[in-house]
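You will see two complexes here that share chain A, one where it goes with chain B and one where it goes with chain C.
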Partner chain A sequence: MIHQNINVALIGNPNVGKTSVFNQLTGLNQQVGNYPGITVEKKIGFCKLPHNIKANILDLPGTYSLNASSIDENVVIELLLNKNDKLYPDVALVVTDVENLKRNLLLFTQIKDLEIPTILVINMADRMESKGISLDIPYLEEQLKTKIALISSRKSQGIEELKNLIVTYKSISAEPCLNASIIDKEYFNNLQKAFPDQLLYKLWLVITQDVNFLNLERKEIQGPFTKSHTELKRLQQQETIKRYQFINDVLKVGLAVDSSVAKDFRSKLDRVLTHKFWGYIIFFVILFVIFQSIFDWSSVPMDFIDSTFATLSTMAAEHLPEGILTDLISQGIIPGIGGILIFIPQIAFLFLFISILEESGYMSRVVFIMDKIMRRFGLSGKSVVPLISGTACAIPAIMATRNIENWKERLITILVTPFTTCSARLPVYAIIIALVIPNHRVLGFLNLQGLTLMLLYLLGFGMAIFSAYVLNKVMKISGKTFFVVEMPNYKLPLFKNVAINVIEKTKAFISGAGKIILAISIILWFLASYGPGEKFKNAETIISTQANNHSLSKTEINNRIAAFKLENSYIGIMGKTIEPVISPLGYDWKIGIAIISSFAAREVFVGTLATIYSVGGTDNETTIKNKMESEIHPITGAKIFNFASGISLLLFYAFALQCASTLAITKKETNSWKWPLGQLIFMSSFAYITALIAFQILK
Partner chain B sequence: MRTTINSLKKSEKAIIKDFDIDIIPLKLLEMGCLPGNTVELLQIAPFGDPLYLDVNGSHLAIRVETAREIEVEIIKTEF
Partner chain C sequence: MFQEIIAFLALGIAVIYLFKKFILKKKKKDKDCGGGDCGCH
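On to the complex of A and B.
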């Protein structure tokens, strides 16, 4: 039972190793979900403590202070201000980095003001010796009114001691360690008198932040205690100075650094990685290696998954008793699941590389060297991260824009990110490239198919940058522009952290996209297996009559019947209806069906074609690719998937916004339907026009 | 003429004197950018912007337009 466990909240600045502490305490015993109504990740883990006590460990989003500037940070405040929340902590662990103790303690003093029992966790203690740092723990514990756990989450040191400390949570001090209200005695005295039952610091947070909580409404307090924006900010500044004064005084005695010991590896590496020439070369080489390896390494498992599911389908059709249910399983469900699982290798590799880049601290250096260039296009250096992670999936990428401080730069980043080639486009690209681009080598080492794929990626980035440039010129939004990015110390990525991250992200993607794909596959199968009217019902008789005149073999008759049925099924009629709109692009009604069904999620395209061709044909062993290859135009006899229609399809999928989840996340992050709708209309019409031009020129 | 962070040379140290509170974001203050604290210019990005600083022991990067608003006094190094 969850409510009998004690609640432990992990709080800390970004880059202090908070997630490794979380992983150390909980192992793989964690649940990742979302906070209700918002897309902030909620991570809860479970931990067995000594004396048979169990704890729920809540990993809160990293924050520099309790003055929230993003919804991630707001989550922290809202939880800590609401004693009735079922996750309200019995004890808070403030995680700090021994090398950044001064800055990390700012948040600690704020948490102490909320009168929650708080343990100070000083992480990365294994570096103390090499950095010449020594701490006076008893003195610090006394001054900061807390218990201190010296740990190294990387080396698994001090974790048991920390667990023992958590068990004693009832005896840990909940007193504030300084009194910041002396910055304006009169104001704060009156505030406390007006609300004697409330914590003073809570009141102050409610006045300065955008949070509501239960019986204490903002308006009610703000009325008599309102101040101008500048006055409030001045007070916040004085508060921050006060806190730093206290911290500086405490650390003057409690912390000693022998700087002669510290040898700086960081500045040497910085000099290379941010170099005006080598910095960029290194960055592009890393990108190139990432993309090359994703395609090289994942093609084997992907082919394996593809053929396994084709075999499974056949086996199901052969060994299960004949009937509708078997057809649904072999033609609807199995190809549908295969269409989801085929994503796993590429997504896992992409998340692997992205989390290594972030864990190591390299990503901040990329932000640093790219900022000036990106600003020319109305973006920020911080837009690089969403644009790169957009190659995995636009959803986490759009969420990653939250740390872009400037609204205009952030909005543009959100709007252009869906142009980057996400992993959902990959199966579509992969199959069409395999069909229409010859598998030749040029210049001895470049594979023509690989080259095409790389061009499509560049096209995606290019389009993103170009539309950003246009949006920047067109949009009239002026906001305060500012930009602060922390440059964390370089760290060797921890295998455990990276692995957990990759597993969680892949799982979330598969279960999120998987449900849609599976549901759509089943619906499609029904729509393709049933049809309205006499034609569908009497397919056998109609075709048999025709066959008598042409003297066809039995298999040919069966194939014709199946094709005739598909044409007159519900989905066939839908495809036929839109055929006039898409035939100038070189597509037939079957591709039309695939486009309709992939409107909500583009990865459905391949699965749809798989389902359609399974319903239409009798031979189950061949893979989707073979079926598409042999598809010919009924009148002209030309291949349906030829060079011109192939290129046109590639361009259509490169530009069209066929992803309901992207629309939903854009709506959530911009708080308006205006932006996602604009995105949808612009991207779709652009896709249509380029595909049209390409086909008309190439055909 | 007043000296601001953007006029520092590489690896030059200075003391933060004053800035316009309406322009400087709170987040920067929280990272230690406060009057009386030291600041050192560590790196300048290619194309001259942003600037990579050590402020009060914190490593962070800000743009020149922000750096221009923060007045400092250079610490004279003894020869």
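On to the complex of A and C.
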């Protein structure tokens, strides 16, 4: 049996359901990576087609046309121009939205003119009836010289037919829709004469686009045919006009819309959700419900995971042969890993809500209403996307600033994005809130813990906007970029898409932080279990002598030995050294160590404390939360995690740049150490001062 | 003795992993960005 592998490229405007089609074709057979040398996400999936054909499905970044203005769009053009690329498509699927066919067809005609076999996938076909839309498919196929698949990725309709169509790709016409020479006959004829073996539209893209062309010598083509920037823009506009003329002519016959049938549900809902007053109220109510639910729903699975790891740790200590490895496993590795896995429910719920908001089309409305606020603070609407996506992680959010053309606006967005509350802060917030904020309900429904979490998210966003405002005044931005946001139709979120998103994001959270936490837990355990000097060596003798003077039980003596050893271990000495700096904030040396180690990744904070408390802790408490709760100050006897120190810690983590990867990506994106170091110094100083003031007032 | 070997081996792997992750980051070879503004300022 012969197996054949083909490459299929999924191309389309943003918000046409391209990712849904990708998920329908590939299921969970997906690989997410980056394009070489750049950090644009590359998604490849695998799909079995009829006749033993296997397809590599490449989900390309959404683009409105082949006139690239961002690095994401460059990726699309580079791939389509480079036949030597191993992912060069055998067939392109241009995904379109049945309600926005006219605009979506612009990209289709451009792809078609590159003479790649192209299938026109018309998505959301299930809405045709309610919108009064009818299509003359044979006519459209004839005029557009293609095959059309009418599908609904949300309702899984037409997917099998699409697969059957893909396998016939060899019979699909590669003939262009338009002859590029109609843009400017003289210029294009000369161009073709100079390069008779090259495709005319490809040559035109080489001249107008700033992309890498591995098989074409750019200078050779550009040199004799260089035109002024204005002239090139004029020709590009001419191209767009010609294309729309062609599309209008085709759709005049091929598409009919009975407006009396169409229901105006969308515009009615838009009027409320983007209202200048109610729009914000609704958004805050939704945020409120989300954060209440994150705390309410995840408490049971979190307690379960916490107690499971506590049991595992005890079992390992009791059943494995006595020795250093057993201690490492029971006191270092298991508590460290437990310290991160405990947050899976909250992370999953957070991404579940974010996915539902995105899938339903509501997130675009949020971006739209937030744009109005951003402009008042001197930022462009394009900054909204990085700031909102920063709730997941600052790294992709900073990368997402690449579509901001104005350099200063982009720089400000890069510098303030780390203030947005990322998912790595969630574990720290969750455990501290659970320790210092009472689990009370006010007015019967207002959970104080959920409310605190929501306030912290708003605080991060507010600080980002405020910093942008200050930077904007200092840096004096000249010129503005314009922001266009696509308002997709409202849809019921598709379970499959939401599930895939939640699974992928949660997996990335665990695998990204998990390895670092495991490594740090091992090192911390060693640093906490060994120490220099006589004090550490003779801990048992010293404490036993002291114990003789006070009548102490065996358990008390053991606890004192463990605490004494920890204080005189390597980590104890390091912690004691930095203690004078952090004690005004209400922290002891153990928290100091957790803060330093969490510079690798914020989530490490809880794992670090879990490891330290396991090595030097009492036998009575097993779960992480209980260990932290029972930790008392050796001199004052007060709880370490009290209201004042808790609020101080929350504020410290809200403002501090505790993330090595964010520094690295800022350096990469700004190509200088000046900005990331400035960012680090400002955020750390601000966090320190705020935490200091909070503790001193509240203590 | 056996436990000590494994434990210290784990320590060595952990140190090397973090060192490679945060200090010896692999430098990716960037493609030529061309003449225009590709964002690599």
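The definition used in the following text is that the second predicted complex is superposed on the first by the 549 of 699 C-alpha atoms of A that agree within 3 Å, B and C clash if a C-alpha of one lies under 4 Å from a C-alpha of the other, contacts with A are read in each partner's own complex, and residues count from 1 in each chain.
To be clear about the criterion, a contact is a pair of C-beta atoms (placed from the backbone, for glycine too) under 8 Å apart; a residue touches a chain by one contact, two chains touch by 3 or more.
As the structure is a prediction and not an experimental result, all values here were calculated from the model.
Once the two complexes are overlaid on the shared chain, A:Ile324 sits against chain C while remaining clear of chain B. Legend: residue contacts after superposition of the two complexes on their common chain; A:Asn74 is shown touching chain C, with no touch to chain B.
When the two structures are aligned on the shared chain, A:Ser267 is found in touch with chain B, with no touch to chain C.
By the touch criterion stated above, A:Ala519 is placed in contact with chain C alone, chain B being left untouched. In the superposed pair of complexes, A:Arg234 makes contact with chain B only, with no contact to chain C.
A count of residues in chain A touched by chain B and by chain C gives the higher number to B.
Once chain A of one complex is fitted onto chain A of the other, the partner contacts of A:Leu443 are absent, as it touches neither chain B nor chain C.
In the superposition on chain A, contact of A:Lys372 is made with chain B only, not with chain C.
Applying the stated touch rule to the two superposed structures, the overlap between the chain B and chain C interfaces on chain A comprises residues 405. The touching residues of chain A, when paired with chain C in their complex, are 36-38, 70-71, 74, 210-212, 218, 321, 323-326, 328, 402, 405, 407, 410, 515-516, 518-520, 522-523, 526, 600, 660, 664, 669-671.
Within the complex, the chain C residues that touch chain A are 2-4, 6-7, 10-11, 13-15, 17-18, 21-22, 25, 28-41.
Chain B makes touch with chain A in their complex at residues 21-23, 25-32, 34-35, 37, 42-43, 45-50, 52, 56-63, 65-66. On the chain A side of its complex with chain B, the touching residues are 64-65, 67, 69, 100, 102-103, 106, 230, 233-234, 236-237, 240-241, 244, 267, 270-271, 274-276, 279-280, 364, 367-369, 371-373, 381, 405, 480-489.
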